[in-house]
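As written, the chain order gives the labels A, B and C, with residue 1 at the start of each chain.
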Amino acid sequence: MTNILLILFIISLLYLSIANRLVTYIRVLALQGFILFGVTFLALEEINTLNLVLILLETVVFKAVAVPVFLSRLIKRNHITREAEPYLPNFVSLIITTVIVVVTVLLANSIKDTHVDKIFFIVALSSLFAGLYIIASRKKIITHVMGYLIIENGVFVLSLAVGNEMPMLVNLGVMLDIFASVLILGIFLNKIGDVFKDVNVDQLSNLKDY
Amino acid sequence: MLSFVLIALASLFFTGVIIRTKSITAGRKGPGIMQPVKDVIRLMKKGAVYSQTTSIVFRLAPVVYFCTVAMAALLIPFGSSRGVISFNGDFIFFAYLLGLGKFFNIIAAMDTGSSFEGMGASREALYSLFAEPAFFIILGSLALLTGNTSFYDIFSALHLGSYITYALAVLAALVLAMIAMIENSRLPIDDPKTHLELTMVHEVMILDNSGFDLGLILYAGYLKFAIFGAIIANLFTGGMSLLWALVVFVGTQFSFAVVIGLIESFMARFRMNHNAQFIFALSSVSFLIFLGVLLVLGKFI
Amino acid sequence: MVAINGLLVLIIAAIVVILLVNVRGKGMFAAAAVVTIAIVSSMVAIPALLGHSFEVMLTGTYTFGPVVIKVDALSAWFILTINFTMTTGIFYGLGYMKRYADQRNSITLHAIAYILLHLALVGLCAIQNAMVFLLFWEMMALSAFVLITFEHEKKDTLRAGINYLIHSHVSIIFLMLGFMYVAFKTGSYSFSAIADFAHHQSAMAGIALFLAFFIGFAIKAGFVPFHTWLPYAHPVAPAHISAVMSGVVIKIGIFGMLRMLLLINSDYTTIGFIILFASILSGVYGVMLAIIQHNLKRLLAYHSIENIGIIGIGMGIGTIGLGIHNEVLAILGFGGALLHVLNHSLFKSLLFYGAGNVYLATHTVAIEKLGGIIKKMPRTAILFLIAALAISGLPPFNGFVSEFLIYSGLYGWIGSGSIGTLVIVLFSLLSLVLIGGLALLCFTKAFSIVFLGSSRHVNIEEVQEQGQLQLVPMYFVGLLMLLIGFFPALFLRILQQPIALFTQTIGTAPQPIPVNITNALHTIGWAGLLFALFIIALWILRRWVSSSKPVEVGPTWGCGYPTSSAKLQYTANSFARSYSKLAKPMLDIGKKEIAITEVFPSKKHYETHTYDKLERYFIDKLIKLIKVVTGWFLFLQNGRLQRYILYGILFISGVIIIPIIIEKIMMLLHFLNNL
């Protein structure tokens, strides 16, 4: 069952590479939150109940509800336009994301450690690279944050893979999530959002030294 | 032989159910379920008008197209009975037969010398190009899972046990359903209802056909739907008894038709530029099915 | 022995006669010579194909050593393919060259070069001595050059020919590297020495030796990135020469690779993967570039590259099968590759003959200018259609059979292996499917724009069907293609001996072809016949049903436009546009346009040129670099006679003085040493 959910996770990554509107990105992030909730529920059986409840709440509350709500409020408040503006056409993004998944499968195959369930490793690494690619290929700042959230989902999946032996690692993943929300709150909901009138990253290059 | 008879029977009702579903969701009563068949019979009784720009290719193409689809139907098994033609690697023959039909459709459309048909022809060629890999990869995954390479052997050895094999079968059924919609030019790739040439793919290629030819082409389309419905039904009937297999077959065809009707009622067609990436996404998803099969087989240590 | 001597005497006699007779006689004597070579070599080849190989040893000279001439099953298959295509080629050529009948000298050269090319090709299949092999290779390259540059007054033709010649010689250098290395190490020029040498070497050395030969043969065969001569050479040659070049001359490269595979018995798995990757690249790249070409013959040339890729995929998986001791994979891979060698020579030659007919009738091969030719040249059009269907790999024709064998090999291989191999199998499957789909896109475009619709620029009234001399060879080729399509199991059985040569290298007894494959092929043949019957039955049914109904002829539906114009039709560029937009990163399309900017547009201009991206990066930059480096020495060539004489004086004085100076320096050093 975890395998099915993780395959759904990868399908959501593929869908993300051809999505056009920011609303779709937010919906996919919420969906990924729910998928991770399911995976956590099924995979982490051996840690104590309090810790488990905490982690479950965290996935649902933060990943699936809080962060998407924050992001949609953000988009409305800063009047960010609907389109996610990519540098490369969507077709090429799709091909690149597929290639990322293929390469990750081959990489995972060459790891000889039998303790890690390979599918977790594949999903984590794919989300990592896909998130990095999304950051690199989109013009808006808000999509940078979304790419970061995807990377974070990937790291969370990886921590789940070894979560039964090292429950502290999962807690670290939770910390990462809270850090991300603070990041969003701090940078955007603060007045800095008002000072930065332009929502494209091109203007950020004005910050360089020379 | 049994599967061919069943497919022929199913094709008579398939499009009728789609149209009826669409009408009911739109609040109308809609035409009868046998109406498409009556349309075909009416067309076959009519004379024809041929364009003076066309040549023998235009007259040959509907015949070849219908024969390819009919021959493809001979390859599909049903439950525990083989198709009329069954050999190792027959799904390759199946895919390329349908490709032969498409080739003739495309050149017949270009034969009329009209820019409308040319537009439809060029798009049709591109979309079929992207839909092929998905079909081959799914069958490759099934061949890997069961260790056989013909339709009959694969489907009869496909025993769905665990959660993940069910999920993979459902995912494969979804991808096959989308391939069927691409082949038959239904939403969300192509709209069979609009007669605006800039938005059509398949419907515009048959603008100049009339009479018996048009009847052949329409009926071949219905047959293709039934064929793909039969393949999807086969995914779930591995090893069942004849009665249960029949129930699953009828149920799958019916629900497939209803789902198509619902999709057509509630979704708009994708922007033409986005069609290509959507179709290619099907190939990526079928690669994920391959990945799932690798998981099931425990190839990941 | 006697036969070989007799054959050589006959050929020299034919060449002498050709020099003397009139133009019509030249053609007939050339045809007679080609047919003689074909008959004599086939008499040797047919028994060899069934297992009785023919071997004779000539004493040769002091430099070459003994020269062994051996025709085994592999050579026999290639010899028969070569004979068939060369024979149809010369007869087609007799009809095609009629319009050049006034250029006596060119035709003499052409006829002689054709005979020499045939002799060289047949000889290359049989010779087992490295030096003589290279000699015949050079003869083949030079005669092909002469044949290609028939219209040598055109600058483009000459450039294309010289491009081809340079590529040929680079390929010879690589072959020489391999042969000379072996001869240096073993002292013998015979091919059996290569086999012994490779046997005692490490795997790496074997792979390196094979790579040297592979690159040499790959340049000839047209693998990417060595393919850049093909799209230049094939369009400028006369139609039957393009057919012969595509059909058999590039297959000699494949033959060379196969021969080297048999001789160099080392790490087959690695070699197989190398061949597989190179072939996948060639196949996909060839067809991706073919779609956007405007010139019919150039489009066909790129398709040759694609089909060489398909043959290579078959060879690659066959070699991997030998390496992992999977006999079924080896049988299917090599079977598919060898059958595709024959198939491709058939349908590519038919396509080029069709293009030649179109050129003779309309004086152009630019696709965008043609259209509606089927009404005036129905036979050419139908034959072209059959060949187009075959090259797209569609049943019931022969292209499907060879692709089916390769597919069966890949799907059969899926059952075993680790994840790495499975991903590679999936990748090869994906590329084969893409190649098939892209070929379909390309040939629907080519056939429909050239033959269907209405004529775009050419005056359709002047177009006429070509003569029987050109059509009859095309009928024969079409017939053989249909035979292979309807009776595929027979041809796979004929291939049993050549395939057995390969499986024997890993030491197993020659296995018969697996029963399920022969059954599958039988069923495909029967299904094809059934399909044809079905079509005929439905056609008759339609005739009968519509006989009582009114059938009219009217203009195409034009959505209210009062006149239907040929300019309203779809052009080739627009047909391929949805594809070229998606594939733009890989393609190199230069566009010159004056765009419409005002409301009532005045005269505008739009022009596209396609170029080959790999050629721009690999070949052009390399040539530029060479020119820059050699440009540093331009000052030496300053045109003044006195300076040149000065160089001569310097050289002579140098030759005299420098050894004296060196001797003095040695004496000084000796003296200093002894202090």
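Just so we're on the same page, a contact is a pair of C-beta atoms (placed from the backbone, for glycine too) under 8 Å apart; a residue touches a chain by one contact, two chains touch by 3 or more.
Source: prediction; values computed, not measured.
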| item | value |
| --- | --- |
| From chain A, the most remote chain by mean C-alpha position | C |
| Interface with the most contact pairs, given as the two chains involved | B-C |
| Inter-chain centre distance, chain A versus chain B - centres from mean C-alpha coordinates, in Å | 37 |
| Mean-CA-position distance for chain C and chain A (Å) | 50 |
| Sequence positions of chain A contacting 2 or more other chains | 91, 102, 105, 109 |
| Contacts with two or more other chains, residues of chain B listed in rising order | 276, 283, 287, 294, 300 |
| Touching two or more other chains - residues of chain C | 418-419, 582 |
| List of chain C residues in touch with chain B within their complex | 371-372, 374-375, 378, 381, 385, 389, 392-395, 400, 404, 407-408, 411-412, 414-415, 418-419, 422, 425-426, 429-430, 433-434, 436-438, 440-441, 443-445, 447-449, 452-454, 516-517, 519-520, 523-524, 527, 530-531, 534-535, 538-539, 542, 545-546, 549-559, 564, 566, 568-570, 574-579, 582 |
| Touch list for chain C against partner chain A, complex | 418-420, 423, 582, 585 |
| Touching residues on chain A, where the partner in the complex is chain C | 91-92, 102, 105-106, 109 |
| Chain A residues touching chain B - in the complex, by the definition given at the top | 1, 3-4, 7, 10-11, 14-15, 18, 20, 90-91, 94-95, 97-98, 101-102, 105, 108-109, 112, 114, 118-119, 122 |
| Contact set on chain B toward chain A in their complex | 163-164, 167, 171, 274, 276-278, 280-281, 283-285, 287-288, 291-292, 294-295, 300-301 |
